[in-house]
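First subunit A sits with subunit B, and in the next complex the same chain sits with subunit C.
The block that comes next holds the complex of A and B.
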């Protein structure tokens, strides 16, 4: 079921991104501007051939997907080739994407897990202390972060971290880049090196994403707390903490599992913004540059990867359903 | 004979209890929701600021040579001026107006598309529903910012607010469609739909006259959420350089132009547009919350 959805998404994106863009013409215009002479037809033909613009959109999609036919051996997704980038052969899409993927995934995963965690915490506290001052404060904060654009929050936190570093005379919060420039080492060393760079962007994405889930968590927790079986558990003398953890929270988490993939896809979108602000060389920024350049194959690489990430999120949330809800059995 | 007796009895009842329509109830409940009413007032003030303000204020959003650059907020320029010599109050009015324009058009457009789509999927069920829902899955998988950004970036001429509005409406209706479909799935089994069908109502008639009006409470709440969503997406795209472009202006563009000035002497360039976005989205969310409480018949105003 996931493969057709992914194929449909790539077809739709391919058509929508490809139709309005004509990188060949843009490049021809650029050359004309720099040399001041009309571009010979042979150059145009060569450009069209390298970028596969000498064929129609359906043909181009087909060759992007399968690589079957008359190619330069650099295209065909199922053969592991991402297609030519208009940035030239110095920046092949495959290498760029695989370098950047882990940088972005690190940020998105941390942010999603943190935002779901804090959402559950805030939602449960609000529900348990319903109509108290804590509840009102948390609810208002939730509304506030829901209304806050991520790019503004990001700018604010970035500048705030810079000021804090200045005052403390430290470099705890790194605010530019995703890791020390030119840092070499094995996987773990790279990860440790990147931690100071991760703190602020993760915080931004977390605060931008948690509010919606925490609203649902509060509502579902309230509903469960008023249900008969929780009252029964109380009546037979189970301690309050145990009732909350074992009886109420477990059921109240079920609706939240629905929102996990939503928050993952929101974090992917938010990563585009935070990467731009914090100067990361991640996938999000790559896709933004590709959009600006009209680089269809590069945009498609992003669409495909983010689609797969989101679909895996859906899969995980389905599995979580089964874990959380004893009524669901996977055959 | 029994007819007149019945109407007499009805009349005597009508004397003792005043009849209240559904909308009147909603109205009353809404006005008991303090945060929602305050938000409504603030939102209306913002609308006035954006649409009436430009007629009252002496500067517009354009650059004028007689405006000093980088003036701090003062009586002449309450929101200060930017580097190029632009009065920020005038710029804010224009930017807020453009963002509100986008938001309102997106809210209406995406609601119409989403409500019809969801109602058709829920009403016909079967393969129609299956196909329509698979398409929704596809839309969910496509990264929203990428596709809207790519389309906005592909517009050759300078991007205007209506371009943004159309693009965002065309891709922003999916959540409404889902909500309306879920509602219609249960409504279509109700007796009044059966009655409408046995009276010879066509499918289209049933969908437009019976199903959609009964999902109004879901739809109205979605509209408010949609306004907040549209404001945030439009400003984000403009911030990324994929939305409204200068010489026109937008709240996202103003924040982008303010750059890293959050903690230096030009702080006002950064905070004022940001607070405006937050105010619009926040008040709209509160209004939506108040409407949801007011329209939910199960909701009592009594606290448990």
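The block that comes next holds the complex of A and C.
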């Protein structure tokens, strides 16, 4: 089913992005504004040919998918070509998407792992201490972060970082970008360099994402704690800590564990607000810019990549169900 | 009618409340940039210490390195490449042309008027930063690339062929390069033409036989579009760059210019949006920026920033309201005149642009900036932009218009006049301009519908003339010869409102018919007078822009007259000598 779903998504997106946009006209206007002179018709024709805007929408989609027909050898998904970007030839779509994928992954991976960790902890503590002050406090914080729009939370933390830097008299927290401009080194060096840039956006993504999972975890934990086999274990005199750790938590983790891959893949596609606020040149920002500019082939690349990531997330989630819950078997 | 008033009042009140909450905006700032209004070329000047590294923010990106092409013609790449690009020269903030000291020993010289022949004298030692001198071949390469002639470059897509298509021949002898134009070339701006772009020897080194094979010439242009330029004719050379993201410069020790370069490293880094730039400046992540927009919120933030100064002034573009002459109502010049008369520009300016620039003035000439030696105000006397409703009503009555019992304006044929006003959705000032226009035209009995344009669609909306009234901006610089033709010639693709006026066309042709700059300016002003009579375009203001600079930088100031803005004198930038 994955391939038909992906194909359907690409057709829908292609039509939605392509119909309302005319990047050739927009570029012509930009050049005229810049040069103060009319753009020659030969240049307009060349732009149309370069971006395949001298064809109909169905033709463009077919060429994008197959590369079959009269092309400039830069298009055709099944031939490994993503098509031309209206941003310019120095920014080929394939290179941009692959570079930005890792940037987004770096941001999202840390934030998701951290948010799942905190969510499990908060959910378990809330459930164990149900209706206590701790439970109410954690519940309040969860709903607070859940209710805050991510763009607002981002700006708040960004301003907080600036003020903290001012107090400390340094720039411990960087507010824009994913690393020192032009920094080069091995993977570890790049990671260390990116730490001052990583802290604030990771916190924002983490707090924005943990609340929902912690509510799942709390509900799941409560359900398990009230089940017969936990009561039986307690009746048999097993120590409370052992009951919680071995019997309750293990079972209660199943919904969250299966939710995690989906959460990660959703974050890959949905980190665009955080990326925009903190200047991370990731996939989310790339897609947003491409949509705004009517850069159809760039949008298609994003749709395809994020579609594949989500589908892989769903697949892993389904497999995890079977692994964690012996009652579920795939045939 | 009441509703329109309420909308305008509400919009104004909201703006005032927001600004009151954010503090006062509008005044030019502290220290270094204070005297830029009175001393535009000498403000923030100071002694420089040797060395230093700075980061300069850009508010837009680029996807091609070749400024000759339609893809690479972009204001941001133009700033990003300012340290190495072979410009003929730069206009300084006073509007005076300064020839490129690293390339030319003297200003271009007109050696013949018929045919127009211009002589360039290369500076001794002018080179591409790799030990290769700049030669006549480089001039020829640029000609071929911008000719728009398939016999010279088959497959090139130059952004502009106005000059390239007119070149007849280019010859060289020693350090002198002579460019001869065809018989149709009579531009009074001959001395400002760009004559160089890419190094021909690198094209040859890459195996492109550009002189003999037009397809190879196009392939060379593609190569330069995709390749980070490692060559340089400027004071700096690119050490590292990623398109659309950053450019890192180090000093070019082979530069032939006389200005002493002190900075070791300059990083141009792309930021998304003004807010991020201001925050980064406050956080010490960058040393300055001259973005193409300014908001009152940004000014409030800058006022509270330590160790920085900023200034707001009219930038390199101007705002205006255009009417569509093909609209069924606006095809009547009498109605166009009444509409432009009813618009109250002082009120619009006071409620929009004056919030960020308190000394802002209404623009009264379409081609020449207020303060230019060629500036003349032909608009005020006509009443256009005055908001004089009575005058507008009188003109309409004279032309046979009437009002029905509800106060709606009826054409002489009895049809009710309704119009739309279009604006880019992210441009708050243009939206308010529309709302205030809507309110004043309601007093005239004209119902105006506001229709936003998604930002990326402005070009399409203009090209399709899908508007009755529209507010947008044109870039402006000291050059004017091509502008009148582009804006108003009947056959121009940029004459979006579709004005067709034979007399104006003749005046525009006259501008291009003289090599005398003063004479061309006089002729341009005749065209301005004619377009005012046509009641076609109403200028509002030179769009305010901001420059923000760390106090540790000297010799950095804004420049409306250059596309590179504050970076126009990058060789002079430095860290203050303490």
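One rule holds in what follows: the second predicted complex is superposed on the first by the 300 of 331 C-alpha atoms of A that agree within 3 Å, B and C clash if a C-alpha of one lies under 4 Å from a C-alpha of the other, contacts with A are read in each partner's own complex, and residues count from 1 in each chain.
Following the convention adopted for this analysis, a contact is a pair of C-beta atoms (placed from the backbone, for glycine too) under 8 Å apart; a residue touches a chain by one contact, two chains touch by 3 or more.
Remember, predicted model here, so these are calculated numbers, not experimental data.
> Just to be sure I read the superposition right, which of the two partners does A:150 touch: subunit B = first, subunit C = second, or both, or neither?
first
> Based on the superposed arrangement, let me know which partner A:27 touches: subunit B (first), subunit C (second), both, or neither?
A:27 sits against subunit C, while subunit B stays out of touch.
> Per the contact definition in the header, classify A:6: touching subunit B only (first), subunit C only (second), both, or neither.
first
> Report for A:15: first if it touches subunit B alone, second if subunit C alone, otherwise both or neither.
After superposing on A, A:15 lies clear of both subunit B and subunit C.
> By the touch definition at the top of the document, which applies to A:195: first (subunit B), second (subunit C), both, or neither?
Neither partner.
> After the superposition on A, what does A:299 contact: first (subunit B), second (subunit C), both or neither?
A:299 sits against subunit B, while subunit C stays out of touch.
> After superposition on the shared chain, which partner residues are touched by A:281: those of subunit B (first), subunit C (second), both, or neither?
So A:281 only meets subunit C here.
> Just subunit B (first), just subunit C (second), both, or neither: which does A:57 touch?
neither
> Could you tell me which stretches of subunit A are touched by subunit B in one complex and by subunit C in the other?
20-21, 158-159, 162, 276, 292, 294
> If you look only at subunit A, which of its residues touch subunit B in the complex?
Answer in residue numbers: 4-6, 8-9, 12-13, 16-17, 20-21, 131, 143-144, 146-152, 155-156, 158-160, 162-163, 226, 265, 268-269, 272-273, 276, 287-288, 291-292, 294, 299, 302-303, 306-307, 310-311.
> Can you name the residues of subunit A that touch subunit C in the complex?
Residue positions touching the partner: 20-23, 25-40, 42-43, 46-47, 50, 85-91, 158-159, 161-162, 165, 171, 173-177, 181-182, 276-277, 279, 281, 285, 292-294.
> Using the touch rule from the top, collect the residues of subunit C that touch subunit A in their complex.
Answer in residue numbers: 55, 61-65, 70-75, 148, 150, 155-162, 165, 222, 225-228, 239-240, 243-246, 248, 267, 269, 271-272, 276, 279-280, 282-285, 317, 454-460, 462-464, 473-475, 477, 479, 482-483, 485-486, 492-494, 563.
> Give the list of subunit B residues in touch with subunit A in this complex.
Where subunit B meets subunit A, its residues are 134-135, 137-138, 140-147, 149-151, 153-155, 228, 232, 235-236, 239-242, 252, 255, 259-260, 262-263, 270, 274, 277-282, 285-286, 303-304.
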